[in-house]
Structure formats: structure tokens, C-alpha cells
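Order of writing sets the chain letters: A, B, C and D. Residues in each chain are counted from 1.
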């Protein structure tokens, strides 16, 4: 009954096999090997567009490095106040960018709206060189609250950002879950509505440590190579990240894993909603469920071995009483059933 | 009819004279001269406490350097969403600190409340090493909205900050105005309620370019010397800043200048309030007046040669229609009378 | 005939097996899992001392993060002018430390001497706050020129550094090779002579991506946790680095792999030295051979499929004609024989 | 008998008068005033070329900010190992640039040669993304050793730099002295031989605190405005720096002051050279004299009230026995005579 985080699950067997296979023979270092080049190119197919693609091992590195080529060091990044770049990377974006400012914006269920972004821009007017000039709009898809932006919502936000002279970044640590949830194509959820740079996550969805930074305009990738190297994020044995993505993208494995995790979350959400006294805080659109349990219930569940954490954020609608439950590619229907049953007993 | 900014005024004659006098003879560079040492020591008398004092030429440098010794580079600085460090220093605090995060907090009339700070801390819980750990509470006295914290308000905020493990910084670009407005002693508005580090401004109140960073616990000044030097803020001919403060602190000049500026603002505020159709947006407690004029009036006043700017901020209570008017040591009652009369005609 | 770099080899089978095994079951993220804790503790046994140990995926990250907790951002790091931190990390140390200065020092065969360090310190005297204060002495063991510091040399350098108030860092990307070469214990080549912080490499010696930063005084590790996180170097699925080290340190695998690579280099060096017209530039003490071939020979060898690179550095004793050949755990005696035979034919 | 530094002298009377005059009336802040605009434009006349000009208060700020717009944060700055940017700014260039690497290069009497620069470039070959890419060649004119580059030397160095893809920076803290010494025009010592950006000093030569960063290609000034602001180097009352330059550039005051200081140094150098046992270490070409006194003589001179400092640098030709003596616009022939006489007595 592990719902603590999608990173508690290990890696999918197909990923492990690919890593093992990649160990054959000698290969040039630092991404000069054929496998890396081939898998980088694969992204252009998946996204139906010629992309510049860079692999790193963590989501924090992907976000930080991506943002660092999109803003001057004194620029301002508009983001949701509960986004990972704001709350969970220990000021990593500030570090990677050399000191850019993050402007946190509130929004229901982890989502920014054009109204909120417009208000933030209006309240922080461009007064060079006094105010930090707004340079990036950062969106998270799927969000930290387990919700998903529609293509239309993305388009409206991207348009607003571009009109204000911003580039638009997408933290796609759970991009696979969003694609699986919407049934839209990767392109329809990224560059088509206007995303400039996507951090395409693999780690949370069955890889060991694999994230890809995807620039939809190759020229905008700029000096990413140098920044990745200086930050210690260029692997010498790069084939071992490439191999993970090779398997991840083959035969839609990434979507199969995400579809399963999403389905488990839906099942969990519906199961919990049916229990008297349990409230579901946000719509369950991907693999995250946010629930408020009756007093004392969480403690009982923990005692029975269930793992999940309280979830506290600036926008918390539940007065500090919410818990987050995450499903993964490894979660089984019986895990869900057992947990829901325990919840019934505890409530 | 210049109400654009307190920095449009030049320097007070006493300041100019002191600078001229300081030019006599040779003197060691980089603050090793007797005048600098004597004036630094003078701060300990003014504040009734043994202080470590460092001179720089701008408020942005004072704030940035002060913050940089108070936080690790991944720390988080809580500040008002309309504070100078957040809105007017082009991400300077992020630069000086090496990437600390600023967490902007809303509050009426430029002031933080303990409720708002408590909510911000609760919403961004300490989860090492994931979230940036809160390290500093930054307050502005007098505020960007022309208001003043009472000693009790400061004490409550400082206590809350210290209990949460934060150091408390005060941006005192208009500290003189606050002291003059409250009639309290410098100590009563700084270390007595719990301020750890004060950026004591001179520039806006009649100096050429003079700011002092005052550490009320000398040990906390830490490596300020090195940071000031590396940022190009250690003057070789330091006596020319020291001389400004020498005159500024002599015979309460600083308080006389501020008292006058405050009185002019009060007169202006009362004059404007009496005009039909003009609304005063915030209490006028120091040398800043925020007013909403009837449509078209501001343009008419500008045409007649009055200088003042629109004021747009995230917390703007007036829907983008507010203007800021600033008085200084140079503002005369006849300036006020002439302007109010023009306003009457324009409204 | 691959002598391009030790990172062209993949990973040792024992490492691959351990990674596969680590995939079993759910495990807490971010290093909270049992395996990570156990393997971290294993370092204290290997080094016969209670250590603070942190895992990252690359040598550049290990060096940069280690240095960043050892120096203020305006400090100065003394290092060999051909060291990896100076020449091969794209100004990574400057980035991680927030702007520390590297002072490159010349020395034969990649090694610093106490004379050279003393001269560097004397020529850059402590003049606070003007000069960047020397804060770290960084040594590389085995060196970039394939040589090894003796325990006595290390002791003399560390003593000199400590007397000057510096902390001593060791870049041990090839520490295993140095231990294997000298027959000394890990402790005898690290904290016993005075090393404060060791970057213990696994990647070049048969791991996938595994480096450990080892603080021999736990208190000096300071805020490493926060710095690792903010730089995107804290793995969510940390067990996959821990597993590599688990196998690496078990049954002396690390020393077996390094001993083999060293032996292959010795064989290669002796074979090449016997060829008329080939000169060996530095003593071959670990797994690196530096050779000058007769004009045209390198090109012929490349045509036959041998991979190796020219090696150009500030201290190059061979006027730009040197090549570097690296052996690894995978190099076989027949690889050596075939290459030496090709060299004979080409010369 | 003050020869400690050119910054021990105060400011020239013409400078003081100009500052006093500038205090008249109200003026827009942050450089929007007419005086600032007029004086900025004056630089284009002095340099016979349309320039972008920015004022700051210190040489460290001028150098750091100039370099920060000329290099990416991971670039490499080639400079003399005894240059101010390397030895005297507490790692300021690393701070302002966000982590660029300084590559110190040796050279007699403070001057770089094309041979030395070529060797440095060859020894640190371009290997993207591994080595920090060389981005700037920084020259100091006049040098820290009191010598001057000829226009031909500058041209050869600039050509080499440009061919290697570098921009060329000139630290001109004593540019006035170099112009005075050579009799060449400002243009002939700056953009004509190929300098891209000049830090034009006023402070050491009779100003209070005034430095100008001059971009000879306006487009290369890039985002200097933002960087100056965020570093706290944009003065709100900018007219007080502009006024200094107004007087400084009027009627060739800057050259008169420098010519006098240079003449005094020549007189001092010749006087000392005639004393038995005193050795002059470098050619005296501007306002700095480097001398080795017999043992015990310096102490005697200090006792008699003479101020001057020992001078220790990596390239020190005198084994740590050298002293530096600096003359200024204020030094009088009788100061020189008195000092030389004291030296005669002490030797």
C-alpha cells in the first residue's frame, strides 16, 4: 500500500533490460555514441517536429538548465505558487539561471489562468531597468495537484505569454500522464499550443533517471551544451540514459505506463470518494489523488503499513488536512482495493 | 512642483559642505581613514548599541549585501510583494545572495502582518532539502506605500521571524522618515523590537550617495567586508561617503530633513483630500502621498509642469489609477500650495 | 583497440547485476532507502573513519559540490594548471561555488610540489579584502598525467595547506587506480596524510554513473544536502547509485578493476617504449599512457581503427605532439598486443 | 611624503566645484538628467566615435560589469597574472560574470605579449563543452607595474584576440596616465588598435568616485543597464558622477592631472635611481615607481612619515623586496625632493 511517491517504484522491466543491453561494447563518451544520437532523433518523430534534445538525470536539472537558457540572469519567471520549480527544488532555478526571480502566482488546483497571469504582469509592470523584466512563463503539465491543462487552456496561456514577450516553459515531469489522460498527441500538448521548451520526464514514470529537455526551436537551445557540462549534468557514459529513453519511447511504453498509473488513481479516487467522511480535494486527472481523511484515520492507515504524506502548500483548500496519494506503473488493482478497504475500516 | 521622487532633489547644503571639507589632505583609502572610523563609531552612539557599520553608495547595494550575509544562497527571503527588494532592484537580492528565493507576501498599505507571515510560512513548510529553507524576514520602514510600522508591530513580526529561525532585515531607505514620524528613538525602531540588520538610508533624505548597513550583533556581519569589495562597493576614497554621514548625523540633521519632508507630505495629503474628486489611497505617514485623481486631471497637471508618476503594484487598491507624489527636504509650502491649487483647477 | 577514455568502456558486470537487483520492491526516494544508508555507512569502514558520504552521478558534480562547501564564494582554490577542475569542467567549480577563483599552478607530470604551492601563496599574499583569500588546495589522485602522489608528498602538501588555513580537496576520479598502484590503504592516501574531502570516483572504473563525496570530518559537510538538491544532483531513485557502490566496494571489486586497468597500462607503456621512435612522456603509474609517436604514425593507427586522442595542456612537455592512451577494466592483453604491433608497423 | 596610492589624494578642486554646482535644482534620477546625457555624449567626442557610455563609482564595478556583458558565465578571461581583475578585486569578475574563469598569464613588467597569449590559448585548446571557452582578452593600460602598451603592441594583441574569437577589454583605471605618457589620442590607445570595451578611470586621477564604461560598438553594450541596476551600481542621483566627468573632461583637465602625476613619478624614479643601493624594478612610464631599497631603509623612511607599501606579486622580479611608490595630481616637486633626500640619508 505504497502511495508515497511515483519515485518509490523502481524502474519498469523494459527499461532495466535496455540499460543492460546498452552495456555491450565500447562507445564514445559524453553523448557522442550512436545510441544517444538515435534516441535524441527519435524525439523529433514523437513530437512531429525537428527538435533539439538534451538528456539529463533529474527533473531539477532539466528545469534549471532549460530555464537558464530562456532568461537573462535578472529576468523574471512567472510560475504557479505550488509548482515544483517554486516549492521543491531548493531554489534551483535561481541557482541555474544565475539569479532570476520567480514570481509565484496562485491558482485553483495547481493551474494558472490567463486572468491570474494577466494580473501578475499588470502588477509588475515593465520599468527597465528597475523591475526584473518578465522573461518566462512556466507551466506544469500534469500539475502538482494532479490536474491537466487542456490544449485550449495551454494555447491561451502561451498566447498571452508570447504577446508579453515571454518564452513558455513546460515542466513535464508527468507529461506522459497528461498525454495519456487527454488522448492528445505530444505535439498537441506542447509546441502546437505554443510551448517553447518542454522538460519531458521519464524518471517518475518507470525510468531509473532520465529526463529530456526538448527545444522545439533548435536555435533557442543556444548554449545548453555548455551549461549542462558546467553544472555536472553531462554524463560521460550517456548511453545509459539514452537506453532508458530508447525503451521508454518504443512501442508506446511511456504511454502504457502512464495510462496504467492514471487508471489506478481514478480507481483509488473513486474508491475513496465513496467512503463516508473522506473528501477528494482536486479532480483526479492523472496519477495523483488528494484526500482529506477524518481525524485519526491517516494515523491508523500508516500503522497498517500504508505510505503516503500530508500535502501542505500555499493554496491548500483544506486547511492543512490534505494528504497526497500517488499511483505508479507498479500499482495494482489489489493495492487499491486493500487500501480502500483499510480506509473504510479507519473511517 | 516636483513630486517625482525624493532622489530628484539634490543634496542638503550641510552635506555638500561636509564633502568639500573632507577633501583636505591625504587620507588612507578603502575606509582606513580616521573620518570613516569616527563616523562608523557614531552609529553605535545613535543606536545606543555596539554596531558593525559598513558604508556603500546605493540602497540596492546595501540591501543586496546585507541579505547576502544573512542567508545561504539557497535560502528564502520573506518580503512584502511591493517591497523595493522584490520590485525595484532588478533581481539584485537574488544576484547578491547567489540565488536566494524571494517569497512575496501581500499586505495592505505596504505592511506585512503576523497573520500573513504565519500563513506564508505554513504554506511553504520546512522540508529539507526540498524547499528553499526560509532564512530572512525583510521589512521596509517606512514602507513603499508611505506607511510606518509601530514598534509593537515590528516586535510581533520580529518575534515571529526569530521563532521560525529567521533573521530580520530592515530596508530603511526611509528610516529617517519613520523615526521622525513616530518620535521613537532609532533603537526603538530597530534592534529593540528585534531587527538584526538595518539598511540605514541617507540618499533619499538629502545625501549624495550614502547608505549604511548596520549589524546590531557585530558577529553577524561575518564576511561583509569581502562581499562589499567583490561587488565593487568598497570605495577607495571612502571619506567622501563618511563625510556625508558625518554631517547627516550631526545635530540631528537627518531628522530635521525628514521631519520637514514628512510635514510637507501631510500638508499635501490634506490639501488633496479636500479637493472634490481626489482620493488618498493610503494613510500619509511619511513623505509619500498616493492619490487617485479624476480622469484627465493628471495629464493637465503634467502639462502645467508638475512631475509625478503613476504607481502600479500587485496590491494596488485603485485599479491602476493611483499616482505617487513624493516630498523631500527641499519641498516648500509654496510648492504644495501651488500644486494643490493646480489640482483644484484640474478637477 | 580503444584507448580513447576509461568512460568508453561500459560498466562491469557486477555493477550491472547490482543495479538490476536494486530494482526489487518499493523504496523511499531521495536517499531515504536502506540500501543507500547501508552503502554510505560502508564508506566509513573502507576508510576506517566515521565519514559523511554523499552520492552523485558525475565527477564534475562531485568536485563542484565538494568545493562549494569548502570555500566562500570569493575564495581562491589552488590547483594544478592541468587539473580536471581547471581544464575540463567548463568553469563548473566557479559555478558551483558562486564565483570562487581558481589559481592554476604549474608542475611536472600533473603533480603539485610544496615549492610551487609556497610560491603561489607568496605571490598572492593575503590582503583582505582585496585579494581573493586562498581557501582550498585541490589535488588530483591519480593525476591527469597518469602519475600518483606518494603518501609523503600528500602529507607535505596537506600540511602546507593547513598551515596556510586552507582545506584540502582531492579529486579522486581515479582514486581506485592510485590505491591499486601504491598498495596503500584508502585511509593512507586520504585523511591520514591530511585530505579533508575526497571525491571518490566510480564511473571511470566500471560504474555506470557513481561518485561519492566523502567528508572525513562530518561537521565539514555542512550544507552539502541543500547544495546537492538545488543543483539537481539529488536522485529521487537514489538506490540505483547506491547499488553501484554496493557492488563496487564488495570483495574489493573496485581495486580488482583498477589493478587490471593499471596493469594493462604498464604493459602498453612498456610495449610502446620498446618501439623505435616512440617516446613515453610521463611515468606510467596508473591507467594512462602519454606517448609521442613519429610523424604520421597516429594517423595510420587511427585508420586501422585505434581510438585515442591528442593531449594538449599548458604544461605539455612535448610541444603539442603528445597523445593520451587510456586503459580500463575491459582492456585485454590481446588489445595491448594488437595495438603495439600496429604501432611497430606504423613507426 | 605620501606615495601609498593615488587614491589617498582627495579630488581635484575643479572636480569638487563641479559637484557643488551640480546640486542646483531638481533633476530626474537614475541618469535621466540632462547633465548625465550631455557628459555621456561628450565621450563620443573625446573618442572620435559613437560610443555607449555608462557611469559607475568604482573601478571594480566598471571592470566586473564590463566583463559580464562580454562573456557567457562559463567563458574564460585571459589576463595578466598581476592584473587588478585577477589580484585586487576579491574575485569580483567571477561574481559579476556569474562564474567565468580567469586565466592568469605571466609577463614582464605587467605586460602581456602575443607570444604569451598564443601559448596560453594553445595550452587551453577549444574543446566544447569541456574546457571553458576563451571569451575575453583583458589588458590593463597603464599596467599595474607602471608601464604602458604602445599602440602597436595593443594592435598585435587585439588582432590575436579577435582572431581567436575573443573580445578585448581594457582596464583603464590609469588610462589618463597612459594617454599622457604616450601623447597618443584616446582613440589611438583604444578602439583604433582594437579595444572593444574600455573602463575609463577617473577616481585615481582626481575624481571622487567616477568611472565610465565605454563600448565602442554600441550594440555590444547589450544589457549593461540591467546588470548595473541589479548590482546596485545605478546611482539615483547620477548627476553627481556626471558632474565629476564634466569637469574632468573639460579643457583637458584629465590629461593635465595625469601629466603632472607622471612627471612627478619620473622625477622620483630618477632621483631614486641616483641613490646608491636603490634599484628601480620596472621602467617608470606613468605615475608608479617600483623600487628595491637596501635592507632597513624602508623602515627608516616609514618612521620619518613616508607612506608607501611593499609590493608582492606572482611575477615579482625582486624576490619580495620591492616597494611601490605612487604619485598623484597632488604630489609636489618638494614632496619628491624631500623623499629622495630622506632616502639618501637612509641608504
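The rule is simple: a residue touches a chain if its C-beta (ideal position, glycine included) is under 8 Å from a C-beta of that chain, and two chains touch if they have at least 3 such contacts.
The model shown is predicted, which means the values in this text are computed figures rather than measured ones.
Interface comparison, C-D versus B-D: the pair with the greater number of contacting C-beta pairs is B-D. Of all chains, the one whose mean C-alpha position sits at the greatest distance from that of chain C is B. If you average the CA atoms of chain C and of chain D, the two centres end up 40 Å from each other.
Spacing of chain B relative to chain C, judged by their CA centroids, is 50 angstrom.
Mean C-alpha position of chain B lies 34 Å from that of chain D. Residues of chain D in contact with two or more other chains: 30, 73-74, 89-91, 95, 98-99, 129-130, 132, 226, 229-230, 234.
Put simply, chain D touches chain A in their complex at residues 30, 72-74, 98-99, 128-130, 132-133, 223, 225-230, 234.
On the side of chain A, the complex with chain B involves touching residues 73-76, 86-91, 94-95, 98-104, 119-120, 122-125, 129-132, 312-316, 320. Interface of chain C with chain A (complex): residues 2, 4-5, 7-11, 16, 19-20, 22-30, 56-65, 89-92, 95-96, 203-204, 208-209, 226, 229-237, 239-240, 307, 330.
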